[in-house]
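For reference, the structure is listed below as structure tokens.
The letters A, B, C, D and E name the chains in turn, as written, and every chain counts its residues from 1.
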Amino acid sequence: MGVFTKIPYVLLGLFILINYGLLVTGIFRRISARIGKRIGMPVYQPWINLVKLYAKRSSVYHGIMFYLGPVFRLGGGVGIFLFMPLIFGSEYFSNFSFAGDLILIMYFMFFGMLGMALGAGEGGHPYSAIGISRGLAQFTAIELPLTFAIIAIAIQYQTLSLTEIVAAQQGGITHWVLFTNPFATAAGMLSFLGAMGASPFNVVRAPQEIPIGPPVEFNSGFLAVLRTNAALLHIVEAILWMNLFFGGATNWIELFIKSFCVYFFALFVGTVFPRFRVDQSIRWYLKVPLILGILAILYIKFI
Amino acid sequence: MEYIGLITGFILVILGIWGFLTQKNILKMIIGFTISDTGINVIIVSISYLKNRTAPILNRPDLLTDTVNKITDPVPQALVLTAIVIGVGVTALMLSYALRLYQEKNTLDINNFKDLKW
Amino acid sequence: MSEINNKNTSGIEKDKFFAPENEKRTVTAPDGQIIEIDPLNDYFCGDAPRVHKPHKNKLFESFLNWARAESIWVLGFGTGCGSIELYPLLTPRFDAYRFGIQMAPTPRQSSLMIISGYLSVKTLKRVVRSYEQMQNPKFVMGLGSCTINGGMYWDSYNTINRLDYYLPVDTYIAGCMPRPEALLAGFNHLKKAIKEGKGEGANKYAENFEWYKANQKKIIKDWNMPDYNW
Amino acid sequence: MVNPIHIVSISLGVAFFLGFLRKANHNLTSTIMLLAFAANAFISAQWLWAFIYSNTEPFYIFTAGFRPPYSISLLMGRNEAIFTFLINIAGLLSGIFMLKTYLRHGVYAMMAFLGLILGLNIIILTRDLFNFFVFMEVSSIATAGMIILIKNVKSVSAGFKYIVASSLISILLLLGIVFIYYFGGSLNIDDMITNHLLVSKGAEVAVFLVLMSILLELKPFPANGWALDVYEGSLPGIGALLSATSATAVYFVLNKLLAFANPYWYNVVAVVGMISFIGSNLLGIKQKNAQRLLGYSSVGQIGLLLVILGFSNTLGEKFEYIAFGVLISHYLAKSGLFWLAGIVKQDNIKNWAALQKKPIFLFFMGVFLFTLAGFPPFPSFFAKWQLIMELSTAGMYAWVIGILFGSFLEAVYLFRWFGYAMKGEHNDLPMFELPWHKILPVVIGVLSVFGISYISKDWLPGGTSLNFIPLYFIAFMYLIDFAPAKVKNTIVILVITYYSWLVIPNYYNTDIIRLIFSSIFLIGAILTLIPGYLKKGSRKGFYPAALLMFSGLIGLVESTNIYQFFFSWELMTIGSYLLIIRGKYSMPHAFKYLLFSVGGAYFMLMGFGMAHAGQASLSFDILRTGVPYSSIIFLLIAIGFMTKLASLGFHIWLPGAYGESEADVAPMVSSILINAGVFGFIILMTHIPDANIGYFNIPYMLGWIGVISALVGNIMASLQEDARKLVAYSSIGVMGYVLFGMAMMSHLGWLTAITYTINHFLFKGLLFLAIGGVILRTKTFNMYEMGGLIKKMPWSFIAVLIGIITLAGIPPLSGYAGKWLFYNAIVLKGWYIQGAFIMFAGIIAFLYCFRLIYAIFLGQLKDEHRNIKEASVWFIIPQYIIIITIMLFSAFPQYVLNPIGNWLSQYFPNNALVWNGSLATSSLGYWNAFNIMMIVMGMFVVLLLFLLLVNRGSKKVGQFDIVYAAERPERPETTHMAYNLYAHYNKAIGFLITPWITKSWDNISEWVNTIANHTRKIYNGNGQAYALHILIYIVIAYLIINGGLF
Amino acid sequence: MKELLQRLEYRFDVSDIVQKRENQTFLTIDKKHTISLITHLRDIENFSHFVLLTAVDWIEDNLFQLTYILHNPEVNIDIAIRTMISRDNPEMDSAHHLWEQVATYQRELKEMFGINFPGSPGVNDSFILEGWDDIPPYRRDFDTKKYTEETYFPRPGRQTNDPAEYMKNKLYPNG
């Protein structure tokens, strides 16, 4: 299939995933409200919020990077999406994964982070800088166990291609990395918590302390773009982790269910645990998840 | 007895060096040096000494024949002259140093001239 | 700081409260050039606000208004004692989230400002600044009698009597203090107003900008910000 | 041909004649004296000429009508001609130098001086022992006489100590000579040699006394306190004489007399020399007095000469060359430096900063110091190289270590001194006088250094293969140093362009690695020279130094054997040192840099020596075939390269050296120079593919060092406030990756390393240029003092943005290629744990990347920078050339990486990466650079249009129009959140970067200083104590020698 | 307490000693000796806690009364020191060197009553009122109602009751 014929399918997939991401966000707001014995906002609230933000009549910006920042940010989310095969075995929904493998996706996460950082930096707000410095610092620690987990998977399957990793996990639940290398899964899922920015690792946006961290200056359409990206990015990350550890998906239903479960994990932990300070979370990641990551490699190497 | 000159010379050299190293007064040090210098000279002369021979001065007719076996070695005697001259030169130089040092600090104690060290 | 004040005010009565941080000052650039800094002009945008007309398509505009009404983000800014009545709204008992009402941390991202009770002059300055930093469309809700006519502080030397002289108010909630139920009713009223297209406070503010500004400046004497805080 | 005896007759005659003229005009008398020296020099020169060019037979002079052994005889051979020539020239130049002194002190001083030179001439020429003694004494007395005649308060007591010591020595010497005569029956040296007269036990004692006396005359450590005091106390002119002439003559005599001694004496001489060399260089470290420092250095150099003499049999036919190289360097440099001391008239080495008032004298001093320290292209370099090679061939590694260690210690104090002179505070210091008669000898000295260098280079095997053309050009640049910087810059750029045109195409299609590195070095040179157009004035001294460095670098690439390689390496070191020290506060850092470079170079030299051992060739192949010790060779050479790569442990020089250097020097050294280490590793590792010591696999260890370097370098970079230090630490980090990649010893590992090298060259040059341009405008290095500059310097901002995207490895730019290759390499190699940590380090790079761009360009614009202009166009142009290169490399990496892969497959046969157009496929994954680029660009444009559509009519607001908790910011300084940005990170993992390495280096230097300080306390200033040292030295030597140690 | 008061009387010219509660005594001292009394209480008598500083406007006597309340936590005693200062030139020695927080009270008094405390840090900075240009509002000659009506756009038609009258009528409608 040529690149250009792929574009409609890619756009379709993008549309589905953004909406699915918004839906999941809404569902989770609802679930966490229930945990707090509230009724919670309607499931469709994220759509309304998004419409409202796009419908804001005025907006302010601070400079060219304030414009480009959200573009980079959304580019990061869309980029991960573009290079990730969604449905295993589906030629239509493998996106542009022919151009790069797992490493490309990993490093595309930085694309968005850099955009956020630059845009927020241009805003000139001290809280943005604090938030970004926290976010980046925490992210370094988060990536470490993930790196171990990915290397463990690469050793296990002798490939860095996401498609092949998923392919190798087909054929029953016991073929999932979850069972073939539980340590890698544990390390990966712990870093997933951080990657999702869920509590206890959400000090980056700490609303009470530094109003909302990096996006403090973003308004109206800029914020809308960021929100769109958040919806997309979180679900895409869930899909990535699903592909890595839980056998991927062969159809849309499986994709929805599995990614929902992965996503739910972050939510579940987040509603239960209080927030870490950033130095605490870094040190925590350099303890348990790091050891799990090393165990993952040792496990796959020697057992 | 034939080594008495040699032994005296050595004793003088050692005495001189001993004085040279232990006396704090510069003049006494110089005296120590001249003593050991003299000792060296004595040694040189006594080296040339060969038993039952005479000085290499051909003032007697009998010496003109078989000269080599009748006289002591003449070379050290030539050397000793040079050595004495040099010794005198060095002594004079040292004395002038002593004078200059005394002019500098009004003292002749070697311990007072430690401006330069380390 | 006081000395600067005194020096600056010598002789000129109207400059008595000219904020010292707004004084012109000179700095030396790295290349030796002397630069004069005029803080108000150099650091702030300072343009007057613009009227943003609603969308021409009525139907589309009403859809957008619906979204605006159903997604009210409240600026977390408690101006007076009434803010204590706001927080129960978020508890399971009242659960304002049901109505799409959320707290937002910064003015940039919020659409509703609640003036919760009496408003002293000192706070008014901050309120004006925060309000102006919110993006159009934006709404103001006056909470309690104090915002309506001064309430029990009507003759205080330092609290305003009528909020609508300073900000375009969309909804008042009477009471001293109004209970959270009253607040919910107020929110409903506000939503209705927005859906009806009456939530044009921001445009009203822009249209009557000079009047509002004159009123504000009348009581805020040490005006240390540009006329409009973008 | 004038009979050499006329040297004697002229000197004596003039000396006596002067006695009559003591009332005459001193101008006349001094002219006569100088003419006498000139005549002497002419005689020896004439003989020298004859010996060299017409193979004349050695010429014997017989006195008193007898033939030896019955009379005194003199010999004029080739060596005698050389040495007398040296001594007479030194006499002449010293005479000129001290002209004023002689004019003031009259004929007696001149007579003493003539006596000294006469004595030295004769002890060289004479073949008679007693004659030697006599003229030894004559020269001693003359020296002491000169010291006392030339009234100098300090020197009198030193002179007395001198005469005390020398008279003690003369007693021993005389005793020895007398007993030699007693036992051997002859005083003629030839006689003793040919007839083996000195074989009895008693004769050995006599020989012991004679040789020990001569050794003591050479002032061996530690029995040399008297000599040091004289060096310190006497006039510099006399110091020069003592150091250059007396020592030279006595050294020659020792050489002459060793012929009749028992062969074990060579070992004694070597040991004495080594103790002296290391000991006095150690003590020199603590020395602050310039002349005393020179004294220590003299002693050290003589020690080295003694070592060489001790190994003269081992060195064989190379002995003369080596000894001559070291001796002539010592002779010229030491007398030159003493003369400079006489010109500067500052005791404390810190006050030599006065030289900055006349920069040409700094140049002279530099020439002399580099000559002493054995840097190319000076003769001592060739000599030292050959010495190490020969000793290694003989397997004497302990001696090699000793020599290198001593040389290193010498470099420590010499270059600390040079640093003070170059960069010390000189405003309070008085200007020195510059009479012509003091300048002339120094200038002649400098010219002679160059002349001899030129002559001596060809006398070595492989010497002619050295590329001297760049050096000529450098000399030319020095000659036109007065020209405006712009003119010189143009000339240099044109020449380098022409040179690139000559060199680079040669490697096209033949040697991809050399193609890459020559491009990096030469094109990098051009790019980093472009900002030089900004400089006003003539920028003295910059271009020769820069060219020296670049010629060294390109020399590395062009070198085909270890000799050329090492030569270029040292050239590069000098050049970069001179460049780095130009920074305002960079003196201590440049010093550290030089020490590490010298230390590293000595490790390399040792390694090369071991490799050369037993193999006649000098080509790189001997590394491969240096079988028995190949692992150790690998380790030694690797340490040398690691100092340049600033790997952890050897990194402490880098941040300061790069951070404090000039704005356009920083990119030169950081993005170009540092690659020399990479190139070295490539050469090394392609020739020694694997190295194990015991159970330790050295590349494995190197890999870990790379990991830790990357980690620590990146964390350190994140915690810097100074922009240039940040980038400098990041260099440590990136070089950690490179080292790690190289150490993997796999196809992909190397490909990664080379990709990283190219990337590092590009982005680090870009960053340093951009930041240098900004700093030139803002006049501050602290990032938190900048901010908001994007509005004023958008071009620089874009450059930095591209730079950090590349650095951080964000797709689609070429940094990502490195990351992708890295993952593949790690997994294929099986270095998982290290690999994960090095990826962790790569992520930490984000922290400093963001800090760099945020703190400088984003955030709040400071008041001072409100009217600031964009960085100079001369900085912008090279940046954008680099950016275009990055873009091309990012989109079409296959054109570079594919040939590298092919080249690599000859070393690592499994071609791990398959290229299909722009699609690279490894056994693990795949990567299509061009497609990624296109997709990302397309996506970016679409999203940007979308956002523009959504936010049309957005309002641009001022810098203080931010939500500030309903307040307003008051000052940009307090609003710009940039100081200590990663405080929490420091809190979390700051313990990782406890500077224990810096501390341990500090401790080492502290220990060395303490040892030196305590040891030098034996020189307590008491003349008797010095005499006692001499005696004890002799006694211990006697016990050891007769104890059968040799 | 008694002994303490005796000691104080012995040393200082205090008057009007009124024991309001078992552990709280008010006393009056002239302006000159106030600070030395406070210092004495703090340093000798262990009154380590400064409770408050306030003022009363005795406009009829043309005086301001300053009240300093100190507390001795060891024996749980309060002493309130009253001193009268002239209303014409209201100025008092600063006590901020004894407790740092006194400066804040003094700043407030400066703003609200116009009593000056020379040397007190930041005493001239606005405290609660930003940009106040009328006479200090706590002075009794400041007519707050008039000021409000002039300044704050009172809403027409607002009815105001005197609370005392209103409650009286409501609770006891029959009088």
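Basically, a contact is a pair of C-beta atoms (placed from the backbone, for glycine too) under 8 Å apart; a residue touches a chain by one contact, two chains touch by 3 or more.
As the structure is a computational prediction, the values presented were derived from the model and not from experiment.
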Intersection of contact partners for chain A and chain C: D
Busiest interface, counted in C-beta pairs: A-D
Far-end chain from chain B, centres as C-alpha averages: C
Innermost chain, where centres are averages of C-alpha coordinates: D
Averaged-CA centre spacing for the pair chain E and chain A, given as whole angstrom: 61
Separation of chain C from chain E, taking each centre as the mean of its C-alpha atoms, in whole Å: 35
Between chain B and chain D, centroid-to-centroid distance (C-alpha), Å: 50
Separation of chain B from chain E, taking each centre as the mean of its C-alpha atoms, in whole Å: 107
Sites on chain C at which at least two other chains make contact: 50, 106, 108, 230
Multi-partner residues of chain D (each touching 2 or more other chains): 955-957, 959, 961, 963
Every chain pair meeting the contact rule: A-C, A-D, B-D, C-D, C-E
Chain C residues touching chain E - in the complex, by the definition given at the top: 1-2, 5, 16-17, 120-122, 125, 148-150, 154-162, 165, 215, 218-223
Chain C partner contacts - residues on chain D that touch it in the complex: 777-780, 863-868, 955-961, 963, 966-972
Contacting residues of chain C [partner chain D, same complex]: 21, 25, 27-31, 33, 35, 37, 39, 42-47, 50, 77, 106-108, 126-127, 129-130, 133, 224-225, 229-230
Of chain A, residues touching chain D in the complex: 3, 54, 58-65, 67-68, 70-71, 74-75, 78-79, 82-83, 96, 98-104, 107-108, 110-111, 113-114, 117-118, 121-127, 129-130, 132-134, 136-137, 139-141, 143-144, 147-148, 150-152, 154-155, 158-161, 211, 216-217, 220-222, 224-225, 277-280, 282-283, 286, 293-294, 297, 301
Residues on chain B engaged by chain D in the complex (per definition of touch): 13, 17, 20-22, 24, 26, 29, 33, 36-37, 40, 43-44, 47, 75-76, 79, 82-83, 86, 89-90, 93-94, 96-98, 100-101, 104, 110-111, 113-118
